[in-house]
Each structure stands twice: as C-alpha cells, then as structure tokens.
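Both of the next two complexes hold chain A, though its partner changes from chain B to chain C.
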Partner chain A sequence: MSDDKKAQGNSGKVQWQEGDLTVTRTCSWTAPGCHDGCSVLYYTKGNKLVKVEGDPESQYNFGRLCMRCLNQPELVNDPNRVKWPMKRIGERGENKWERVTWDEAYDIIEKNVRNIWRDYGPESIVTAIGTGRNTWSIVPKLTYSAFKSPNFSMGFLAGDSCYLPRAAAMGTMIGDFFIVDASQLDERRYANPEWKRPECIIIWGNNPIISNGDGFLGHWIVDMMKMGTKLIVVDPYLTWFASRADYWLQLRPGTDATVVLAMLNVIIEEGLYDKDFVDKWTYGLDKLAERVKEYSPEKAEEISWVPAEKIREAARFFAKAKPASVQWGLAVDTQRAGVSVANGICALVAITGNLDVPGGQHLIRTAFGVDRLAHVSSDWGYGELSPEMRAKRIGTDKYPLFKYGLCATARGDSVLEAIETGRPYPVQMYWFESTNLFICTASEAKRVYKAMKKVPFVVCVDPVLTPSAVAFADLVLPAAMSIERSSLRTWWTPLRSISKILQYEDCKTDEEICLDLGKRLNPEQFPWDTVEDMIDWALKPAGVTYKELEAKVMMWPEVHYKKYEKGLLREDGEPGFNTDTGLVNLYQDIFDEWGLDPLPSHMEPPYSPISTPQLMKEYPLILTAGSRPWEFFHSEHRQSATLREFHPNPRLTINPETAEKLDIKDGDWVWIENNLGKVKQVAVLDPGIDPRVVHGEHAWWFPEKEAAEPTLFGAFESNINILTTQCTTGPTGYGAPLKNTICKVYKA
Partner chain B sequence: MSRNGLLIDYEFCTGCHSCEAACKKELNLPAGKFGIKLAKNGPFKLNEVDDKWELTYVPVPTQLCNLCGDRVASGKKPNCVQHCQASVIEYGPVEELAVKLNNKARQVLFIP
Partner chain C sequence: MGENEKFDMNKDNTNKFTNYSFSDYASKNVKCPSCGMFNPPKLEKCRRCGTPVPKNG
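The block that comes next holds the complex of A and B.
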C-alpha cells in the first residue's frame, strides 16, 4: 500500500485504531481551549488522553492546531483537577473541603434555592460565566429556567466589555452580527467561485492569530495575506500583523473613536463612499456627516497620537479597496466610548458598501439556525420568564441599551453594587461556572474580592480549583472538559458535534448539571430525559439527530450573499435589514428616545493625560493590558508544564527608551502601581510599544503556589486588574476602561 | 535517493510556537529540549522614512529532528508541518523544495 493510501484509509471515519491507540474525530470547545472550536483527532488509550492532533480533513482549521490544543493532555490528565463535588468545611479561603455525592450537593443547592425563592425572590440569585463557551448557552438556561432568575451575567466584567458593546451596536444599527468573510461559510472555502479575496482588512484592536475570538480563526487572515490581502492595523502595539501592514495606526489606548470618526470624516468629505448603497440601504448619513465634521484627522491626531496624514491615507486605502472588511476585537469594547467605536466601525463598513458582499463583512447567523447548546445564545429560557421578572434584571433600569442589545445580561458593575449596597435588592446566591472572577474578568480585583465574601451562598462549577473557588465557594462542582462532554458547536459555522470520549472521576458536564437541577427545580422547562434528548431537540432546525451528526462530524450550510436584497434577513420576508427602519441606522432614533447620543462620539478614559493631567505627574505611563499570549486562554493553562516552559511568568512590555530612564533591564521584576494598588511582573523590552505606554498581562495566578489564604495561589501578586476600575462605564452602561488607565513602573 | 528537507516561508511565519510544541509532543522531549526552535529578529524600524518594521520568526530544526520518520512512514505529514498554523513549513525531497525555494523570496531550506 502506498503511503498516500495508508493515510487515506481512515478518511471520513469517526473512530479507528492506530496501534494501541483509539483515534476519534471530533471538535474541541473548551475547557481547555479558547473561543474557537477546532477539529481534532483525539488519541486515547482506555480512559486516558494520550495526544491531540488537528483533523487534516477539516475545512475549518485544515489540520492545524495552536499550542494550547496540542498540550491538552497535560490539562485533561492533571491530577489536581476537581474530581468530585466538594463542600466547604473550614472558613472561606482555608481550602478545607469534604467530598459529597452529587445528590448531596444537589440537595444543598435545592434547599438554598427554594429558601431564597420564598424569602427574597428568584432575582436574588445571580449566575456568572467567563467568556464565549458552551456555558454561554447552558448557564442562561440554568438561570432563567431552573433558578427562575433574570440575572445571568458575565461576572463582574466592567461595562460588559467583551463583545457586548459591539453586539449592542450591531443590534441597533444593522440588526445582525457580522464577521470577516474568509469563506468560512462554504465547505470549499477559498475555492468557492462566488467568494472574493478581501483586498484590505483592517485589524482593529485585537491580535486574532492569538485570540481567535468570536468564532473566527485568526490564521485565516494569514491564508488570505498569502493570496494578496493587504492590512491596516489599529493597535498601540506592533503586532505581527502590524509589522506586515500597509498602514499601522499606533494609537493611544482608549482613543479609537477619534480615529474611526476621522476616517469617516475623510471618506464622507471626499465622497469615497458607496453612494448607491448609502442611498438605498442606510438612514441618516447627513447627520453622521455633520457629526464627523467635528473629528478632522488633525483633531484625531491631537487626541490619539496617530498622524493625521496616516489616518487620511488609511481611510482612502480602505474606501477604495473592494471588497474590504474589519476584523475587530476586544479593545473596541474596553473603553468608555466602546459603543461609539463600534457604531463608527459599523458605519465604516456599511457606507463603503462592504456589508454582506463576497469577501466583505458577512452578516452571519448560526449554521442551520442551531443556537441552543451550540452557540453563545444568552437568551435560552429568557422568554419564558414573566415580564415582571424580566424587568428585575439588574442594571436595565438605568441602562436601557441592556434591554435591547443582541445579548441580554445582568450588568456586571450593577451586580457588584447590588452586592455591596443591597440595592435594588440583596444578592443571596452567586453561581459561577468556568470563570475565575477576581483573577480574570473583574476589574478592581480587591473590591470584587471583598464583595464576593459577603454573598451568603456561593457555588462554583469548574474543572480546576481556582483562587475564586477557594476564596468564595461553599460548594465546588467538578465540570467535565470538552473531551468528556457530548454537545454541539456552531458559533458560527459549520455545525459540529462534540463527542464524549472519556470520563474523569466524578465530573459532570455543564449540560448534565443544568438538566439535573432543572428537573429538580422546574421540570416543565426541562422536558428531556437525557442530555442526548436535549441535544436532539436543539438539532431539530438542522433535521438531524445527535447520532447522525456524530457520524458526519460536521455539516456545512449554504452561503448566501447580499441577503438584504433577497428578503433573507427580516421576519416579514421583505428586503432590507432587520432593524426598525429596515435600513442600516447611521443615526439611531432609538438612542434619542433613551436619552443617549444618537451618533458616535469620543469619550476620554477616566484616567488619562487629558482627563487627569495632574495625576500623570505621579503616574506618568499609560497602562494597557490583557493582550492574549499564545500559551494561555485567559486564566486557563497555567498548570501546563510545557506552556509554562514557554511562558513562565507574567510580562510587562515596555519601550527600551522608557526602561533605560527607569533603570530597568530586560527580565527584571518590576512593580506596576497606581492609586488602586501595585502588582509585580517581568519587564520585556520591546520597541514595538510607544515609550509613553506599557502593557501588562492579565489573568495571572500560580497553581504551583499555596492554595489557602492569604497566598491564594498568588492571586494578588501579579493580577493586573488590581489597577483597573469597576463602575466607570460610559453613558450606555457598556464599555469600561480596562485597557486604558495609568500607572508608574519601577524596579522591584 | 534524494534527501528530504523542510522548506520554510518565513515571510508568513507568525511565531505561533505550534511547530515547537508539536515537535516536543512527537519526540516526547522534556523541558529545555527542542526538535525545532524559533529564532526571532526584531522588532526594529527598517528606516525612519516609511515606518516599515522588521519582525521575523524562523523555526530552526535541531539535531534532534528526525524528520518524523515514523509519521511519514505511516503516510502522515511531519507533526510540525501539519500543525503549522500559517502553513509555512513544507516537507519533501530537496530537489523539489529547491525549485520552490527559487520561486519566492524570504524562504529558507533546512536539511536536518
């Protein structure tokens, strides 16, 4: 048999033997991992994962994997994982636990929930997740249907600054989510004759080859660069993409609105927009044109530090490129003007005629409409709550946009205030699932730590014992990892099955825990006998069962372009966008009704050279934070010996000029300090960052250190979010200054 | 018979470390040892006029690299080649790779 034939012998198979190893073809969607769902081959021996390879037959990741999935065995086989349900027996923080059965754990939860229902009402129960994973579908269902509470949250994430500001903007302006079209909708991928290679992509505030956010795989952009795609990069740091960009706009963190509004200024003033599209499909260009007159490139330069001429050239380059799109990221959200930045970018891609054209900004929905279990669908079960209960969702009274965005959550900052003040009502129970609260998502970490200690009943569901579990939990439930779970993945496409291959100790899957508790607390809303029944139900729109999907591994939908011309976006079947006007709202009447500015504008970070010039004398550097490293996903992966070999300690990136003035050498431990506290990281000298800015890494804890307080796995040593603020959002309630505050740096 | 080698298009190597990690897994290497290891140039500004930068990664095979003899015999690509996220490593007979080497700048051919 030739080599080629031998390799193809397993083509299309879901499971086979290679020597003493069993190989299973499936999809991996955290934990461990990231936002994404790459196609993998799991090599197992009995009940043990031996190695992971990419699936070479997958048109999603083409057999490739990042170092995190390659290192999955170290995480999956980690002997320090949570093995069974544990009840706290010491004080909170003492790390003393007693093993209990699942039934005992469920009894404790049920008793607490029923007591809270009776004494305080279901709204006193708050749940939290971290970021985009299966829990973003399961935990809403658990919250709304099992606990009967409207308060599902992204933990204490200030301003809900992760995708939600962008989602809110897309919701009211365009009515649909959009994504860069890397032909990921079509199984033939780049060979689909209808698809066009983007001539230009703006990479705005993210480094997608590392972060792979929002259902997009960053290396697809590298694939397209090889075919000729050109780049504009908006980033305070010289990322790999920036080093290969035609235009790198190195802005001051937190000033993105001025840059996008100045680009719009140039494009509108010079008539470089798509007049045909604007006439037919948008609303309010004249008002937007009036507004952007206030943002000349010169004005933007003053605020953002980006040379005016560069903004002009980049704007012209983008406007003339056909097709073109914007790959945007977290930095858009993490500023007080977050919604405005997102509004500006939506306007930019709309008026240049790039919405839903091949190779442009694709308007995307989940493959086959499968969003339960498979997608970050935060509304599962929400509709069944009574209107009175929905009205109690924390934060919506003050911030109406939270009611209408494409993702409904209880507002993190408002939950914090509710815990601290008991208003609008006290929080009696806090349930956090696969999120590491004050280590990762929360700002002002010490404040959140203090608040969480006050909540009377706290449950943590996680595969590992985190600092948050030790510090706050009364009960820890062991969550299964991806390889131990039967589930689904779309977000966005294709439709993929996730196959359970292993069982780790007493772990249960997020899906099982939700169903078990649902059947105890509110059985009408959980009409399924098993998780497989629930998955089959979720798969109904695709017309397959879970078993049938597993046999195919994945299913690709059909791709449709220019859906707004074809009546494919609106429920009434008419052409147009899924908005109140049927058009792209460049001017937002609804914002007017809410007392918000209907047009985008800039808002300074609360601490900055413009907002607090006096304080800059004490804290002269701008602190940005939270860029993703290759090795870790947020606070995950610190247990892996291999990944820590590559990245042993938290890193502060600092320009060599600045370092020299401060007598800091590459590899020195340094203090990063401001009015909220100080933390220690290792200096990395890098001329790719502006001398006036430093970048600190987020989400660091040290699983190798003592678990019990006061050490708490080193929770307070390097945690950059000790220096960031809660409850300092913009007027929409979305967007907080997580990546744009100030600090000083000195040798430790 | 021709020797085999690894052709690397370092213009598009993103420095993602997948090759290093994949190789460590394939060869089962402990901390400190590598079958292929990234080298880095930059970042530095190429000149003051046009704001272009040098930032280049190149993975360099070490003496531990055996070109994934067992994998290749079973019909697979070498582990670093398959997992390279930018698909910039190509494995094959040196004569064939040499022709490709001549077709494009910013490449390097290793014969481990």
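The block that comes next holds the complex of A and C.
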C-alpha cells in the first residue's frame, strides 16, 4: 500500500499501528529542532524512534518537514546523550563526573539555593535559556517562583539581540506582537474567504525557509509566491528568496536603519501612505516626517551601499501593494540601532495601512490566550515577585526599556558585568537550560568563558554534554527531548499538544524539573501534583484538558481582524492599541521620558568603514555572521553524523573576486582575524556575497573531539563569537553588532 | 484538577498573558474626548489635538 493510502486510512486518528511500528500524530518543538512546532507522525517501535514524517493532514506545515526534524531518530537515539544527573568530581573542565540520583541532585540544588537566599538574596541567582525553545516559558517560572529571583536571561546574548529588540519596539510602539498573515490563523488556510494574499512581502534580514523563526513557517511564503506574491528582500547575501525577488536590496550589514528610513522618506514625501489610518490611529507622523527628511535615498546609498533608485522603487512598490507585510529576522536585532530599525519597520507597516488587515501584519496573541508552558512569554511568575525584588532585575537601572518591553529578561551584557565586577551585586549561582553559552549566544567567547569560571555554583540542563557543560557545570541534569515530553505549543496559533511517546534513560522534562524544584522551594506557587495538572491549569482559557487536546492534536481559535477598531486589544476594552496613547506611536513620548531618541535613527557599528577607517586598513573586510544553515539549529545537531556529512565543517562565505586577491581557493581553511582574536573556517567561494563582505558561521563545536580542557570539543577553534563584542549596545541597551564587525582573512 | 481549585487564579500567578509593563501606562492614561488619544492624567491638554483632557478620565 502506498504511504498516501495508508495515511488516508488513518485519517483523524491520533495513534495507530503499521506493522510492528506505532504511529503517533503530534507536534514537535525542541529538542532537537528549531523555533517552530511542526505537526509530525512519529514511527516508534517499543521505546525507540524509528522515523519521522510530516503530518500530511496538518494545516500548519501540510506534511512538510525540514532535514533537522527528519533526522530526529539519530539525535533522539544517540547513545552519547546525557542519561542521568551527573555531579562534577574533578576540576571544572576536566570532564570527570559521578552519577547521582535526581533526589541527590535536587538536594544539592536546594541547599545551595537556600544558602544563597540567606547570605546574598535570591537576586544572586541568574538563569539562562537558548532561543526559541520550550524553556522560554518554563525557566522564567523556575526563576521567579522557585528561585524567587528576578534574573531570567537569554544568557550573555549581547544586547539581547534575538527578537527582544523587535519585541521592545513593538511593545512601545504598537503594544502587541505582529506577524505576517499567511492565512495560518484559520484552519481553512488559503481557502478562508476572509483572508487575502499579500501582494508584496518584504523579507528583511531573514531566511525563513531555513530558520522558521518566531512562530512562522518559511514555506508559507513559498506557497504565497506560487499564488503570485512578490518579494522585496533586504539582505547582504543572495538568499533563495533574494534570487526570486522583484527587488533585492543588498545592503552593508548594520545599516538597515538608513534603508527603512529612506523608504519612509519616499512614502511620506510622495504621499503614498494610508491617510485615513494615519489620521485615526497613529501619533506623531509630522515628527517622523521631519526625521526621515534626514534620510534621502541618496544619503542611504552613501551609508548602506544600496542604490538610491532601488530604494525609491522598492518603497513605492511596497506602499502601493495591498495588502503587504514584512517578514523580519534576527539581522534587525543584531545591530546597535536594532530598536530603531524595528521601529522604522513598524512605522512602514503602520502608515501603509497594513496593520491587522487580512494578508497584512497580524496583531497576534497566543491561541485561546494559553500562554503558560506553551509560549515564549517570559513573565510567568514575574508578577509574584515583590516590587522591590523586580527592581533588582539586572540591567533595568540603566536601561529603562528593559522594564517596559514585552519580555522581562535580565540584560545579558549587564549580567556579564555583574559577574566580572560584583556590581550591582555578585552572581552566586548560574542555571543554564538548553543553551550553549560561549559557543552560541555569547560574544567575546573567551571573556565569557573566563567570567563563568568565577561563578560559585553552576547547573546545566541539556540533552547533550556541551562545551559549556564541561567547562562550567557543577551539576548536569539530563533534559528530555520533544518526543519524551507531555506539553503544549501555541506561539502563536493553533494550540497544539505535544505527546510523550518515549522515555530516554533517566531524563526528565523541563516541566518536571521546574515542578519538582518548585514544590521543594516554594510550594505555594506550585500547587499542582503532576505536570499534567499543571498543563490542565495552563489550558483553562481554552476550556479543554490536556487529554482532550491530545485527542484533537490541535485546536484553532477564531480570527479577528482590525481588533483596534473593536476594543479587542486594550485591557480597558476601549478601541485603540495597547499603548500608552492608544495609538501607534510613530513618535514615542516614553522614549523622551527615558532620555532616549523618540524617533528612529541610524547608528554606525562600532567597527566599520565609517567608525574606524584607520582600523579598516588592517581589517579591510566587513564580517557578518550567524546565518542559519539547513543542517543545524544554532549549536545543536553537530553530533549528527548524517547532518555533518552534508556540512562537515564551518564555512566562511567569500566572494570569488576577493578570494582570488587573497589567493584563497574554494575549500581552503582560512583564518578570520580581527582585534579580538582569530578563528579558522573553510572558505566557500560564492558570488552571492558582496566582495567587501564575508560571512562566517556561528555556534561551531566538534563533539567528535576531546571533551576535557584545553580542547573542550574544539570550542575555541572556529567559534566566530571570539570576534564579536559584548557590552557595545545602542543607548536602549538592546541590539548589538553581532552581524556587523570587521576582519581580515588569510590562508591557514 | 482537585487541589488546583483552591488555587487563586486571580492572584499574580495568572495563566493569562498580560503586558505587565505597559498596562501601567495604558490603563492610567486618560482618553481625549476629541481625538481618542490617551494622555497622562497630569497633562492639561491632549498632546495630539490640544483639547482639554478630562481630569478623572
């Protein structure tokens, strides 16, 4: 029987048998994986995962899966995973461990936490997670409610440059998150009569078919392209999308603000904005119009290298397309002007009348309001802290926007400084869960490595033994993978169940660890007997239990457009946006109150042809970094032999013209060096990158190499984070130049 | 849920996402009767259209 016929025979079922294989229909959301939560069919035999397929009945991913998800059996069944709790018995970095029971591990943690509470205060405990994973909701709860600390963080991520600058910008300017309306809000999808196909999508600093970031599946754009949607792509590299775009704006990395402000200049000057929307629902167009006069397309060309005429044409094209939207990515965040760039893009979407219209930029909240466990909200438990304790969140004293963004993180750069200097107070305990600190999220990897050695008590929770675990951890706790977890997923819609099918050795789920420790340390805030009780509580807004949701696999909520007209956004039920003014703040009085520029502007990267022309003589190339490869999600997947067969080594993308001048051939190992250090990667000659720019891959380590120091899985060999900077953010405290620094390249 | 019924859902441990930070601003500000913009209560006139702002919302 063909696979199609088999699937039809099992239509609507949650679980069935195919020969000796059990097939389960569910959702997968890290680990291993990515930001997204695709619908899968897991084929298992006993306690072993045999294969994974995309669920052909899912209106979410329509049966599609990427190679990372298809490769799950290799990672789930990996015999080198962490199998049980381990206590360090040698020096940090020696990779010497002793197996302990969960109770023994919890006893050690509880004793340390209580001692820290008594001697230093709960604020001396800092936690960290990696991006896009299920831990985004659970670790905050652990931090705020179990450890009673205000310091939940994204590790040492400079400028919290992963979605948070965009979240902060959306928070102050619009009051809600937004997302491209690719019809994903309604189960009928492209057949929903209320939905309209976007005429134009700008893909800004993003390669969504690989990254699938922020609750958006990149292939939806491919679907819409097939239906006729046109693209504008803003990217320094000729991505697959850029090669098919009507306009490719190939900019110098870190100059995005000039491009968006010049586009606004054209749209406002030529009267191409939606006057009705602007009059009724925005505040400050006159002031924005004054500001963008400083950014003519010619001025933008001078700074960004994008031809002025192309900026003009793209601006007109976008403004005239109805509806239109912007799919943005990490490159928006990873610059000192990250918040400004995001503000500029928010303004672009708003003044062209594309906010919350069908096929435009949807103002999105989680399905049925289920935010706990299922979402990337970082405030679960934050309200339980006293105002005095909240005020101690690291970084908020100097950077008020951190208090008022849509996420409640402790600022990564400020945490690093606190460890280094003991100010505003020393960090006594560091808990990192599903993040590989100095390999992936941190910049200045050697500085962070040195700082972390100073923290007295460190716990790592991860499915695999990473360089960060070996280098710093006193305890390593084995985390379950997605197929081993009962949980939920919204971020954003539909509401999906995640079913536990397997148990790997002595692993526990993130949810279990949080609940176990919560019940020991602060039982009042953990009134649930089991994780399923906790999930049932989280599901109350949806009116179902976990078992009921599991039987449905997913649930789609009702869609509402133009919610600002209907009083659906504000707590007081008034029409308008959930902002201080009730309007879209094109000019931000709040920024003015905080001593920040209330309007968007460009800021040069700290190292660039304009900022440091002298240094450019020694390091003449722009170094951008961190684009996503097909095979890996950040530092994950390096242990997969299959994925490494596709992508064995870290790659430096370099224009053939530049390579020729440097006598570099395709496949040569090369040094990438700047004033902070040097690392080695393999040159890939590619005319899709500007001759003045090179791209280095991030998050590389080599699980096949020696774990113990000094090798540490090759942690310092190809780690591009050695060349990027901490503590060089813009004035908001958000956004750091991770993708726009300088270097020289030469044969290794 | 058993034990969970005793749990006070209306306390801070809510299972509804609130924009904990901006709700302070959004809920305290006063709506302008003319243009609909919300203004800080300390202001005499609306920042957007200049209409006098009601003192008690």
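The rule is short, and it goes like this: the second predicted complex is superposed on the first by the 741 of 748 C-alpha atoms of A that agree within 3 Å, B and C clash if a C-alpha of one lies under 4 Å from a C-alpha of the other, contacts with A are read in each partner's own complex, and residues count from 1 in each chain.
Simple rule for what comes next: a contact is a pair of C-beta atoms (placed from the backbone, for glycine too) under 8 Å apart; a residue touches a chain by one contact, two chains touch by 3 or more.
These numbers were taken from a predicted model, which means no experiment stands behind them.
**Student:** So, does A:Q525 touch the first partner chain B, the second partner chain C, both, or neither?
**Tutor:** second
**Student:** Classify the contacts of A:W630 with the two partner chains as first (chain B alone), second (chain C alone), both, or neither.
**Tutor:** first
**Student:** Should A:E645 be classified as contacting the first partner (chain B), the second (chain C), both, or neither?
**Tutor:** First partner only.
**Student:** Quick one: classify A:L65 as touching chain B (first), chain C (second), both or neither.
**Tutor:** So A:L65 only meets chain B here.
**Student:** Looking at the overlay, does A:E53 come into contact with chain B only (first), chain C only (second), both, or neither?
**Tutor:** first
**Student:** Once chain A of both complexes is superposed, is A:G383 in touch with chain B (first), chain C (second), both, or neither?
**Tutor:** After superposition on chain A, A:G383 lies in contact with chain C alone.
**Student:** Answer with first, second, both or neither: which of chain B and chain C does A:D223 touch in the superposed model?
**Tutor:** first
**Student:** Touching A:L238 in the superposition: chain B (first), chain C (second), both, neither?
**Tutor:** first
**Student:** Residue overlap on chain A between the chain B contact set and the chain C contact set?
**Tutor:** No residue sits in both footprints.
**Student:** Which part of chain A faces chain C closely enough to touch in the complex?
**Tutor:** Listed in rising order, the residues are 145, 171-172, 175-176, 280, 283, 365-366, 369-372, 375, 377, 379, 381-384, 403-406, 408, 525, 527-529, 533, 536-538, 540-541, 570-572, 574-576, 578-583, 589-590.
**Student:** Show me the residue ranges of chain C that touch chain A in the complex, using the header's touch definition.
**Tutor:** 1-4, 6-7, 9, 11-23, 25-27, 29, 31, 36-40, 47-48
**Student:** Show which residues of chain B lie in contact with chain A when the two form their complex.
**Tutor:** Checking each residue of chain B against chain A gives 12, 14-18, 20-22, 24-25, 31-32, 42-45, 51, 53-55, 72-77, 79, 82-87.
**Student:** Can you list the chain A residues touching chain B in their complex?
**Tutor:** Checking each residue of chain A against chain B gives 3-8, 18, 51, 53-54, 56, 62-67, 70-71, 209-210, 219, 222-223, 225-226, 238, 240, 242-243, 248, 630-631, 641-642, 645-646, 686-688.
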